[in-house]
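In what follows, subunit A forms one complex with subunit B and a second complex with subunit C.
Moving on to the complex of A and B:
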């Protein structure tokens, strides 16, 4: 009976999720270029082409940079906000909502708004957006090219790589926008975690002679570990699949300095009609996200069994 | 819109020729959403509605320069067997992708029936012919190699707009010294750098060799002139604004009319954009062939085809009749800032820029545009646009030459 209840959703997921994953995997092994399907089997050729492509290597660099900075900043900022909100400030519900609201906005909207903010204008004399604010505030020396900045720091270009390794400066505004949107969400997760820690445990630590910093370091933080893990998984899979924010904010530019695999997949499939290559990129992205999520699922399932 | 009443008298004739269509619907798919473009499209819709009363016209537009976004949506619909009745495609090699995929209905008979084979220039018909058949009806012709400049900036500084590359660099150096951006270049629409590059290629290779760059082989990309063109482009970009990737072609044109920049090289849809801003040619802005391309005309043409298995074939044929007709083209083109693909246009309807373009189109050497599908397929264009945009950012000449050489064969797909 219970099985019958879940049967419809199992069928729907089997077709619309796993069926299409299977189809994409199949297409990625064919020679399909052009509007008309071509199912000639070519093995892993598309994967070899994609990994050997300087543009895709740039995409992978960008994903690593974006994920690392986005994750760390969101976690630190989210935790800070949660601790602040949790410390019985006046008007706590108000601040909670203020921090959480950006999450309710679509990444496209966030991208367009932050694009306007970070469009540099003509530096230094005729700036726009944040550069204009800096100029007016007498902080003109802080002006930068933001989303048009083509520098990669450090500009490391080893022989085995077809792309410059380092942090593409144009990615910084994108990370700022993403953090602006998602740190409130991280705060909400941590806040729930903090509220779940019983006051008695903290009290016990204090009785044992722990100061407030010690309570946080040795009691609160370890008890928040499951929250951190969940946050890493949720934010991590968002950042690996990020597409809408980048499209609306930089469209991958300058050059390919902020292009991510999702955007590359999209242009290969829909602009260039390189369907099979796009499918290969999709499979690579799936594997990356799976590498993050599967261990998490296994650990949480095994805990439930215990 | 002012043309609509005049067209009414001819309505009966044309509609009868395309098969009278009472009621039903018609879905037209295009990427015309910007000022002059949508005005022109609406002017054609007005004529269509007068001639085909009761037909519900669905205007499916998807914004995005050079049709990048629209093509993505179209691709999905074609893959899902949900074609719009008629869609915009650049005339020339770009239609090849759709013909290869068996998505377009041949229109050779329709051209004869409508007298288009006599009304349009032979070279254009030759370019439109794929495997012996014509598949799309060209609505207009645009010129790509146009330089738009701020007359006042040049006068104030005692400079003359450059006609050769050497003159360009002399003028650019002088303007730079005065704190004016010599050349405004965009990038956010992803085709600005590649657009600029085709004028540089033409200036370097000349109109006879230029088309061979896009014949599907890498022969001419291995010619030393290819590397020379790339380094010329790099030098030009060094005289342009540093926020290229953050602004679009229309922002670049705006910088020129605002006097922040002196010149921009962009297709003559820029004219339509500037008109929609209430500006006047030869007063608020000047125009001439891009440096080094005087005597040549890089053309591109927007055209409409008939979908194979179009849901509303009868209505779509009536639409294509409007697209090809003198009335339709004379209503559309003055607003869009382009010239008709027919030779019998009513010159009085066109302003001075367009009249000069009509004259140039008939007298200069013609070369197909690479950035806008006249010489390139969708598959090739993506790499062409992206590699040039990347170059605009890092000015890495070696990588660009390598990428374009490797990609040459994509232009047959």
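Moving on to the complex of A and C:
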């Protein structure tokens, strides 16, 4: 009886998640290019092509850069906001709501707004967006081409790589927009963690001679480690899948400087008709996400059972 | 604290002041200045279209038309699954639950190719019902998770009492669980409404004609071209953000609960 009630959902998930993943995996091993399906088996050829491809290497570089900066900034800012909100200053609910509201809007809205903020205009005399603000503040030397900046810093180009290694400068505005959207969520996670730490433990540390900084360093921070782990997993998997925000802010440009695997897969399959190669990219994304999520999922569910 | 609040609010300031300027007031060198007089021209253009702009009104109603059935059905399925997986556990039910949960973390790119093929054969490709179906199915993991956690807090004694009174499996669900499920439904419905309204990738792939687009895809098209009427773009962005912002303002508490449930450790 019980099983009957969840059967429709089980069938739907079995087909639309696991069946479809299996089918994508199969397609990634075929020669399917063009409108008409072509299931000639080619083994791992598509993966070899994709990994050897400069454009996909650029994608991977961007994912690494995006993930690193996005994660660290979100964690630091989220922790800072949580500690500030937790200190119960006046107007705390207001500030908490302000920090969290970007979570309720679409990445596309975020992208449209931030794209305009980071549209450079003509530097230095006729700037727009943030460049205009910098000019008015007398900080004109900080002006930059932002989303149109095609520099890669430090522009390291070793023999084994088919792409310039470093931070693509046009990615910086995208990271800022992503942090704007997601750091409130990190704050909410840390806030829940902070509120779970009993006052007695902190008091005990104070009795032992810790000052407030010491309490934070030796009591609060270690107790927040599980929250940090959760945040790393959740934010990390989001950044591996990031798509909407990149599409609406840079659409992968200038050139392919800010393209990410999710966008590359989309253009391969739905514009270039390289279905099998797109499927291979999708499978690589899935494996990366699974490596992060599966251990986390298993530990979460088994902990609950105890 | 105030510095951070400014960082979080200034994009909204820019959206508002730009969208409220009339066309002849829009000038790039004054983009950060307040409008000298209020004008709703930009909203009119973003909503109704004209002068080379495709209005977003049709897309807005597409999104309305798809978000309600998708939310309602994914809530119902989630509630049923949550009931079974929390109160009628069977051997392997935790593994099954983990397998269902995995579905909410996958990159949807890994299902797009077969999804399009299957929707084509079902004659649902390019249609709003097709998009509704997709949102219902991929909403199952998160709705199941939230309801399972919610029902886990219901004391088992309540179910035992129901059994003694002669209620069977469905009777307990119908007469004991559902009547106390309202808070769970509110959390899940708000979460689903917000995610489906804001969703972009499925909308982009599944609706191939302009008159079927959801609102996020329409906004991206409005701003994606080399089109520089920033005030119309900003008005469009505000229109897209409006429904979920209103929900956040009035029901933010429930939104936060859905958000924390999604991280599995709330």
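Just a few scattered comments:
Quick note on the criterion: the second predicted complex is superposed on the first by the 289 of 306 C-alpha atoms of A that agree within 3 Å, B and C clash if a C-alpha of one lies under 4 Å from a C-alpha of the other, contacts with A are read in each partner's own complex, and residues count from 1 in each chain.
FYI, a contact is a pair of C-beta atoms (placed from the backbone, for glycine too) under 8 Å apart; a residue touches a chain by one contact, two chains touch by 3 or more.
Note that the coordinates shown come from a computational prediction; the quantities given were computed from them, not determined experimentally.
Of the two partner chains, subunit B and subunit C are each touched by A:121.
Of the two partner chains, neither subunit B nor subunit C is touched by A:175. When the shared chain is aligned, subunit B and subunit C each come close enough to touch A:270.
In the superposition on chain A, no contact is made by A:249 with either subunit B or subunit C. Look at A:205: by the touch rule set out above, it reaches neither subunit B nor subunit C. Of the two partner chains placed around the shared chain by superposition, subunit C is the only one that A:234 touches, whereas subunit B remains out of contact. Once the two complexes are laid over each other on the shared chain, residue contacts for A:10 go to subunit C alone; subunit B is not touched.
When the two complexes are overlaid on their common chain A, residue A:297 makes contact with subunit C while staying clear of subunit B. More residues of subunit A lie in touch with C than with the remaining chain of the pair subunit B and subunit C. Within subunit A, the residues touched by subunit B in the first complex and by subunit C in the second are 115, 121, 126, 251, 266, 269-270. If you check the complex, the residues on subunit B that touch subunit A are 68, 71-72, 75-76, 78-79, 97-98, 100-103, 179, 181, 187-188, 190, 241-247, 260, 378-379, 381-383, 386, 389-394, 399, 410, 413.
Chain contact summary for the complex, subunit A toward subunit C: residues 1-3, 5-6, 8-10, 12-13, 16-21, 23-24, 27, 77, 81, 84, 89, 95, 97-110, 112-117, 121, 126, 128-129, 132-133, 180, 184-185, 188-189, 192, 226-227, 230-231, 234, 237, 240-241, 243-244, 247-248, 251, 261-262, 265-266, 269-270, 275, 278-279, 281-283, 285-286, 289-290, 293-294, 296-298, 300-302, 305.
Remark: subunit A residues 33-36, 54-55, 115, 119-123, 125-126, 145-148, 150, 170, 250-251, 253-257, 266-274 touch subunit B in the complex.
Those residues of subunit C that touch subunit A in the shared complex are 1, 4-5, 7-9, 11-12, 14-15, 18, 28-29, 31-32, 77, 80-81, 83-85, 88, 90, 94, 96-103, 105-115, 118, 137-138, 140-141, 144, 168-170, 173, 194, 197-201, 204-205, 216, 219-220, 223-224, 230, 233-234, 236-237, 240-241, 244-245, 247-248, 252, 255-256, 259-260, 262-266.
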